[in-house]
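Shown below is the structure under consideration.
Chain lettering (A, B, C, D and E) follows the sequence in which the chains are written, and residue indices restart at 1 in each chain.
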Amino acid sequence: MTGPALAEAPAPVVPSPAPRRPRARTGRRWWRLASPVALVVAWEAAARSGLLAAEKLPAPSTVLATGARLAADGTLGTHLLDSLTRAALGLLIGGGLALALGAAAGLLRLGDDLVDPPVQMARMLPHLGLVPLLIIWVGIGESLKVTLVALGAFFPIYFNLYAGIRDIDERLVEAARTCGLGAAARLRHVVLPGALPALFLGLRLAIGAAWLSLVVGEQVNAQTGVGFLMMEAREFSQTDVVVLGLLVYALLGLASDLLIRYAERRTLTWRRGLRAT
Amino acid sequence: MTGPALAEAPAPVVPSPAPRRPRARTGRRWWRLASPVALVVAWEAAARSGLLAAEKLPAPSTVLATGARLAADGTLGTHLLDSLTRAALGLLIGGGLALALGAAAGLLRLGDDLVDPPVQMARMLPHLGLVPLLIIWVGIGESLKVTLVALGAFFPIYFNLYAGIRDIDERLVEAARTCGLGAAARLRHVVLPGALPALFLGLRLAIGAAWLSLVVGEQVNAQTGVGFLMMEAREFSQTDVVVLGLLVYALLGLASDLLIRYAERRTLTWRRGLRAT
Amino acid sequence: GGEATDARDGGPLRIGYQRFGGLSLVKARGTAKNVTWSLFESGPALTEALKAGSIDIGQVGEAPPVFAAAGKIPFSVIGTSEPIPQGEAVLVRADSPYRSFADLRGRTVALNKGSNVHWLLVKLLEANKMTLADLNVKYLKPAEGRPAFDNGQVDAWIIWDPYFALAERPGVRVLADAAGLAGNREYVLAAPGAVKNRTDDVRAFLDTYRETTDWGIAHPAERAAVLAPELKIPLDVTTRALARSAKPLAPVTPDIGRELQAIADSFVALKLVPGPVDIAGRVDDRFTEAFR
Amino acid sequence: MATRAAGDLTGPVLTARAVTRSFGPAVVLAGVDLTVAAGETVALLGGSGSGKSTLLRVLAGLDDDAGGTHRVHGAAAVVFQEHRLLPWKRVADNVALGLTGPGVGDRVDRALAEVGLADRGRAWPAELSGGQAQRVAVARALVREPDLLLLDEPFGALDALTRLRMQGLLRRLRAQHGFAALLVTHDVEEALLLADRVLLLDGGVIAEEVPVGLGPAPSPDDPALGALRRRLLDRLGVPTS
Amino acid sequence: MATRAAGDLTGPVLTARAVTRSFGPAVVLAGVDLTVAAGETVALLGGSGSGKSTLLRVLAGLDDDAGGTHRVHGAAAVVFQEHRLLPWKRVADNVALGLTGPGVGDRVDRALAEVGLADRGRAWPAELSGGQAQRVAVARALVREPDLLLLDEPFGALDALTRLRMQGLLRRLRAQHGFAALLVTHDVEEALLLADRVLLLDGGVIAEEVPVGLGPAPSPDDPALGALRRRLLDRLGVPTS
């Protein structure tokens, strides 16, 4: 807002009394914690009362204690860092490829014809099924884990980008063309911002897929990583550590979601969708 | 088109000479096979020439021969049927839940506040990590596999539906309201069709996720299923059967994609996106 | 296609090991020089890496070499251990009515497919004049078998150490072990390239292996203290498992070849592996010195 | 021609008191008072960005953040400034939106015929020209025979001839069904020809109210009309030589 | 006031020959021939759905499926019937779209000021009223100082005063920069006031061509204008008492 007065509608410059909105929104954000908190409380209560056997699901407090112990001796940090590194690397590679190929397929007819059919076929290949081949191709080291993450991250980004590009209002592209924008500038000013919401969604799904792939990957010859930690715990039936691993994933999910939400709020200020009623 | 003449624009009723479009489109559809075919030919050539060692990747002809053998003795059919049943059941359950919760979160503020945060947290839980807990909760039978598929299918559908609903042009909802449409009718006439493209995308991703989950699930105490077939082959290093399994997945991917494309063409005739240039 | 990749002269020798196998003590004590370690959750996973040429030497139980040979994976059997029949067992819940393995007829039994316990199952069936059809077999990995067993989804669980020792708690009873049925030896496998091109490195490593194993047998308390943190298992469990499962190494002999071949033939007869398998021919005795 | 229902007898169909609306610090509506009697047509004039569409949205009950009170007695139908046709429904289905009961198909066909689009019922909204889409939106509002029509520049994208026809249609239907209408328009002439009363929105309030009273079918050459036009244009700041 | 460039001397800025376009079986353009001289303003009239927007799209080079030949000599800028502002760019960025070089900010500010929206540069398109958005679209076209302006009802959503101002702006800028314009409009008066020549699109062809020649700043009360208006309205089928 540049100023209170509108050039051609000389509306009285009475500042409106109560800017309620921001307050309400903050309130709402806290309120969103209600259901997770309720779930955790119910879980703890069930565990304490003995309704939920400890080997079925350890109490949150037990899990937290385990977490504190592992965090204190540095184990959790090391594993987390390694997993994060792998996930980041894989996301970078898979996401980069998905951006390039998705843009090619979404924007160019030739790209669509060449790229999309093989991707459509590859889309269904489950990572786990590929593991034996990947072991032969890329070995059992870090590259296997990163490849699996990249594969997992590729598809949601590719598909959402492709769909996002296809969804862009053709009329806006035309308008940009008449404004003298070349292909590159149209990409930057019209296609990219237009496909951004879809891209964000793809990124969310990709982050989830990355973790999933990492768990698969960290089963093969890993000595570190949250997936390894969980697998090790599984083998020894340390349910509390397994649940701790899940909790770590859930918190990472929440953190990445907050990050993406923040990025969305920054870049998608212009949007107004169907407000929930 | 109702007729050649436009009521208020009395344009001459000269039928336009060449309806080139449909022809071109059929031609294009075939042309889309080019790159998969080229890939397969290159693969076969590399295998025959010895560039690609048989244990790295068997030739397509070998894989096809294996496929023919397994199809002839009925093995492939049985496994496929079992996998398909599990996938369908899981998709149904997971998809149904995703539709219900996604709609609740997308449409109702209360639903958003209650449903979305736990889902956001659960989103990152990798299925594999859940397997030990799921074994305790649902056992090691069919329900485990179906649960895993349902979990895999849930998230893409939920997220895409949620985003699709949030993306609907608020102005159209307003227009529907002024036409006297109640909440249910608005859902049916505005929200559902508006979110349909996103829903289709979610369905695509969900089918992929369903297969992935199934491979995980069919590693645990399965005697049938394509995932089991592949795992068994993996134990005996029968790379051709592993690749056959992958091929089956790829073909299923293609088939499901054609199905969804068909459904999209039927229901989304009204759309016009950025045409590839 | 291992040959090309696994013969890299000069580089560290790549060792594949499993939790609690004899090699883990070498890893834990850090006595071997110029090696890299890869951990595998099971024998089949380790032989898969052998096939991919990702490791030079690995250690597995009884059945994996047979499955690997059936899978045409190139490797040779270069060493073994004394039998460890107490290191694997059939577990049931203490309050269950089963008194012998034969009582399990028609019941559900969980075990890991393709591992040493698979051979034990075959021998148990044979000894009790039963067939696979008499049991409801569930193939579950150790990590999956434990919750299934603990929650009563299977009636019995055939498992090896250390999972055996971990599961051995009040309320759990050992129905039978491998004594008199199966050898349950450990086998050292090597990639052909390593055997051919890096004979000296392999020999040096095996020497270290034997020295470490012998030290462990001489110092059981210290051994448990070293291994418990490495394995992340409680010390008492480690001690108990090691007491029965840590055996001296042994050289491969024609007898060993015959023992393995018998396993292979039996698996073939039961159609557990496809086609005939020649495992005796995989035995390579050029490193026997290191194991004496 | 039927008689227009006298608003004062049957009570107002729309009442609004002290309607306010601001966007952030900018106050767009600063307290609008408005009454529309049953069967009455009120034209709303105002500069671009003066808040006409905002007011219409409030009156249609679509704006929860507005202050003041407003009430519609009976059913209202809205024609928005943009056509707001559902892109995934064919033209006929868009017009039929929310209608139930027997004979809907016929009613829709008749409404489309009335706006000159009888043969475009099966077209998609994206296939329509600007003026055609606008007319479909008008048909969608008319077909539900409301007590109050809220029209936001319904004829803005129409050529002179089609516009005249649509104005005629509106007059005819109003005479038949006796509905009231609040018509936002930029065309002073149109306002005077169609409305019983002309309001001028300025500075966030109704700054001027001009009763027209030219009779049910005024002629464009009526001298009274010329005077009114000059007065309104003056008030809008347009130089009338 | 600067002299208008004589079209005949500098050659045409737009030529189109036998332009055809059909949608399925419906032929919308059946062979349109059109020339616009440099600096000339041509108004295009026609019924709703007669193909005016379709023709403009073809001339702007946006329609690959059209037949015939057409050429723009120099740079063209388009104002579409809908505003087509990029919703993710603020108003000022929308106007600046595709502009480079120093002083863009100033030029954009000036253009926005000229259409009366000096203080809305940082607003989002969704926050604009219908008329404001349309004026931003006009500013976006004007700021690039093209050789040819293609305008599809650029003033359709504007109130009388703003409309007059915008017409004045267009006339002034044309005099300053000498650009040519093809103006689709529904308003016969506007066509006559702004254009050198009025074309009538009917039946898919240019059915009528009327040179105006009222001089650079015609008065609305010019009697010649009255006659022309009557002729055009007649041709459009509008009864002129």
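Following the convention adopted for this analysis, contacts are C-beta pairs under 8 Å (C-beta built on N, C-alpha and C of every residue); 3 or more make two chains touch, one makes a residue touch a chain.
Predicted, not measured: the structure shown is a model, and the values here were computed from it.
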Fewest touching-chain hops separating chain C from chain D: 2
Of B-D and B-C, whichever chain pair has more C-beta contact pairs: B-D
Identity of the chain that, by mean CA position, is farthest from chain D: C
Most distant chain from chain E by Cα centroid: C
Inter-chain centre distance, chain A versus chain C - centres from mean C-alpha coordinates, in Å: 40
Chain centre separation (chain A, chain D; CA means) in Å: 47
Averaged-CA centre spacing for the pair chain E and chain C, given as whole angstrom: 84
Distance from the mean Cα position of chain B to that of chain A, given in whole angstrom: 19
Residue numbers of chain E (touch at least two other chains): 23, 47-49, 82, 116, 132, 162
Residues within chain A bordering two or more other chains: 1, 3, 5-8, 55-56, 132, 136, 219, 234, 237, 272
In chain C, residues with contacts to at least two other chains: 48, 51, 143, 146-147, 150-151
Interfacial residue positions of chain A with respect to chain E in the complex: 1-3, 5-8, 171-172, 174-181, 185, 189-190, 193-194, 196, 268-272
Of chain C, residues touching chain A in the complex: 16, 19, 37-41, 45, 48-49, 51-52, 54-55, 142-143, 146-147, 150-151, 163, 166-167, 232-233
Partner chain C, residues of chain A touching it in the complex: 55-56, 132, 135-136, 139-141, 219-223, 231-232, 234-237
Chain D residues within the chain B interface of the complex: 57, 60-62, 75-78, 80, 82, 84-89, 97-98, 116-126, 132, 140, 144, 162
Chain E to chain D touching residues, read off their complex: 23, 45-49, 52-54, 81-82, 116, 127-132, 135, 153, 156-164, 186-188, 219-221, 233, 236-239, 241
